[in-house]
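Heads up, the next two complexes both have chain A, just with different partners, chain B and then chain C.
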Partner chain A sequence: MNHRARTTLFIFGGLGFLCFYIWGLHGLPGFGHYPGPYGDILNSLSVYQRHATDVITAVNFDYRGFDTLGEEFILFTSVMGANLLLRKQKDDREELPPRDEAADRVVPPTSDAVRVTGLALVLPIVVFGLYTISHGQLTPGGGFQGGVILASMPLIIYLCGDYEAFEKVTSHVLSEIAEAIGAGGYAITGLIAFAFGLPYLTNFIPLGETGDVLSSGTIFVISVLTGIEVAAGLVVLMISFFRQALVYRKSGEESGGQQ
Partner chain B sequence: MIVMQAAILLFVGVAGTAVVFTRNPLNQVMGLTFYGLLMTLMFFIFQAPDVAFSQVVVGAVVLPLMVLLTLAKLKAKEQSKR
Partner chain C sequence: MTDLGGELMRMLPFLVAAWLFVVGLYGIVTSRHLVHLIMCLVVVQTSTYLLLLGVGYKVGGAAPIFADIPVGTPAVDPVTHALMLTDIVVEATVMALLLALAIQAEERAGSVDPDQLRIMRG
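Let's look at the complex of A and B:
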């Protein structure tokens, strides 16, 4: 198919799409006018039913906890898939020390300002990540959000240090174990409900006092487990990418840093 | 508030289009990072601070990093072929 035919086809297809698009836009509710009943019902019920003041986390980890379990395993599977693709292969050899600079370029050292700012950010980020995970049922946040915040900590260390510093604060094996515990723990928390004769993922832990950190039953537990899984999963992903890009070289392949 | 919402939606639209029309992968990653930051701002303005947290780490840091590392790996491979 030549260029002209493709353009003609695109114009006809695009026009058709535009018609349906405008037609579809007409059926939308006005901006900021939420029509469905579910959000309003949950907004008024979640504090009484689940003692959770953040309705979104209550929805994610309880009302539709089974969907979130699926989402969590999507993340788990994709991290494992990337890990498998980026594994060390037979003809790979490790080049040490790893160089993260192009061979034909002189890279200035990281400035002191970046290093100091980065190091000053490390602890606040860890605390903020843990806070976001543990207060998911009270304030905006939860396992997913806190997990990614936690996982950005080793990245900041890489930014203000080098790859060796990154490798020192991370552990591939431990991260994989933590990821498995987080993902498996979620599924097992759901299974425990069976022991009480309840359906899968029913909130079986006493709900506690609204506003307390240790409240809202399984929502808190699942949020923490998800936080572990997400943080560890992202770290596993970063380690595999870093190793493949900076450390592994095919035999005969020119190393990154040396001329 | 409605002005800010309209403005940020417009910016996100423009930045997204710019990322699509950038053909050089390295430049595209830079655009993608900026787009990620705009998305973060958008979630923040639309009162979803928790989604903004995830977006700033995933969209503006982790995703560009993965693309950059892949580009570096490809370049090292290309150099060794010469």
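Let's look at the complex of A and C:
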């Protein structure tokens, strides 16, 4: 199908979609008139039932914990897939020192202002990431958000240093192990409930006092495990992409003036 | 006229979601570059965030976090927020997978134009 025919087809399809969509909107309660009752029930019960003040985290890791388990394995699978696609191929060879892909592009050196600001940010980012993960059941946060914050730490080091510095603070093997522990730990936490004769992913740990960091039972445990998995998964992705872009070269490709 | 305006405001987030969906789809259909195509897919996905948040919003509702407000305060639907938040992180890694596919397509087929990738090779 050529370009024009495809665009024409799309315009008809798109217009048809818009007509049906707007027609369908008439059946929806208007913006701001949430009909409930599911969200309202959760809002009023979560603090009493789960001792979790952040209802979103309680929904994620408890009420809809099985759904989040599935989402987490999408994350796990796509990280593994990207890792597999970007692995060292048969006709690749490693070349050090790492260099930028485009040989004719001059990369300006990192300025001192970026370096100092970046290095000053490293520690606060780690602390903030750990805080966000561990307080997920109390205030906005949780494993997903905190994991992303933690994973930005090696990226900042790359930004204000270079690839060698990035390689020093990260480990491919350890990240993969941590990712597996995070993903497997979530599934196993659910399985432990069986030992108490409870359904899968039931909150079997004592709930503790509302407002404490160590409260809400399995919500806290799963939040920490998710944080580990997300942080490690993103680091695995970074390592894969950096290696692909900076280190691996095709055998036929020109390198440093020789064929 | 006021009725039409009121009706429009009532539906505005859903209409913007539809706009994002269609505009992203248009980008996918007409794309000439795999990375551009992936970014368009992200735009399409963004429309689901807006739709979910629009469905769960309640006028005057607080964030569903009862750390410093008493239980019983009217709050927005936490379920749509939870769905959206996992989706954002998962979507970022799926995007990484797609970008890895684009890199491989460039290396194996020598092109990032979707139109040039028709011939499948074993």
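The definition used in the following text is that the second predicted complex is superposed on the first by the 239 of 259 C-alpha atoms of A that agree within 3 Å, B and C clash if a C-alpha of one lies under 4 Å from a C-alpha of the other, contacts with A are read in each partner's own complex, and residues count from 1 in each chain.
We take it that a contact is a pair of C-beta atoms (placed from the backbone, for glycine too) under 8 Å apart; a residue touches a chain by one contact, two chains touch by 3 or more.
Computed from a prediction, not measured in an experiment: that's the story for all the values here.
When the shared chain is aligned, no partner comes close enough to touch A:5: not chain B, not chain C. In the superposed model, A:113 makes contact with neither chain B nor chain C. In the superposed pair of complexes, A:211 makes contact with chain C only, with no contact to chain B. When the shared chain is aligned, chain B and chain C each come close enough to touch A:140.
Once the two complexes are overlaid on the shared chain, A:195 sits clear of chain B and of chain C alike. Of the two partner chains placed by superposition, chain B and chain C are both touched by A:148.
Between chain B and chain C, it is C that contacts the larger number of residues in chain A.
When the two complexes are overlaid on their common chain A, residue A:244 makes contact with chain B and with chain C alike. Within the superposed three-chain model, A:17 lies in touch with chain C and out of touch with chain B [touch as defined at top]. Contacts of A:132 after superposition: chain B is touched, whereas chain C is not reached. Overlap of the chain B and chain C contact sets on chain A: residues 56, 140, 142, 144-145, 148, 234, 237, 241, 244, 250. Contact residues on chain B toward chain A in their complex (touch as defined above): 48-51, 53-54, 57-58, 61-62, 65-66, 69-70, 72-73, 75-77, 79-80. For chain A in complex with chain C, the touching residues are 3, 6-7, 10, 14, 17-18, 21-22, 25, 28, 30-34, 36, 38-40, 42-44, 46-48, 53-60, 64, 68, 71-72, 74-75, 78-79, 81-82, 85-86, 89, 138-140, 142, 144-145, 147-148, 211, 230, 233-234, 237, 240-241, 244, 250. Listing the residues of chain C that touch chain A in their complex gives 9-15, 18, 21-22, 25-26, 29-30, 54-59, 61, 63-67, 71-72, 75-82, 85-90, 92-94, 96-97, 99-101, 103-104, 107, 115. Against chain B, in their complex, chain A makes its touches with residues 56, 100, 102-103, 132, 140-142, 144-146, 148-149, 151-152, 155, 234, 237-238, 241-242, 244-246, 249-250, 252-254, 256.
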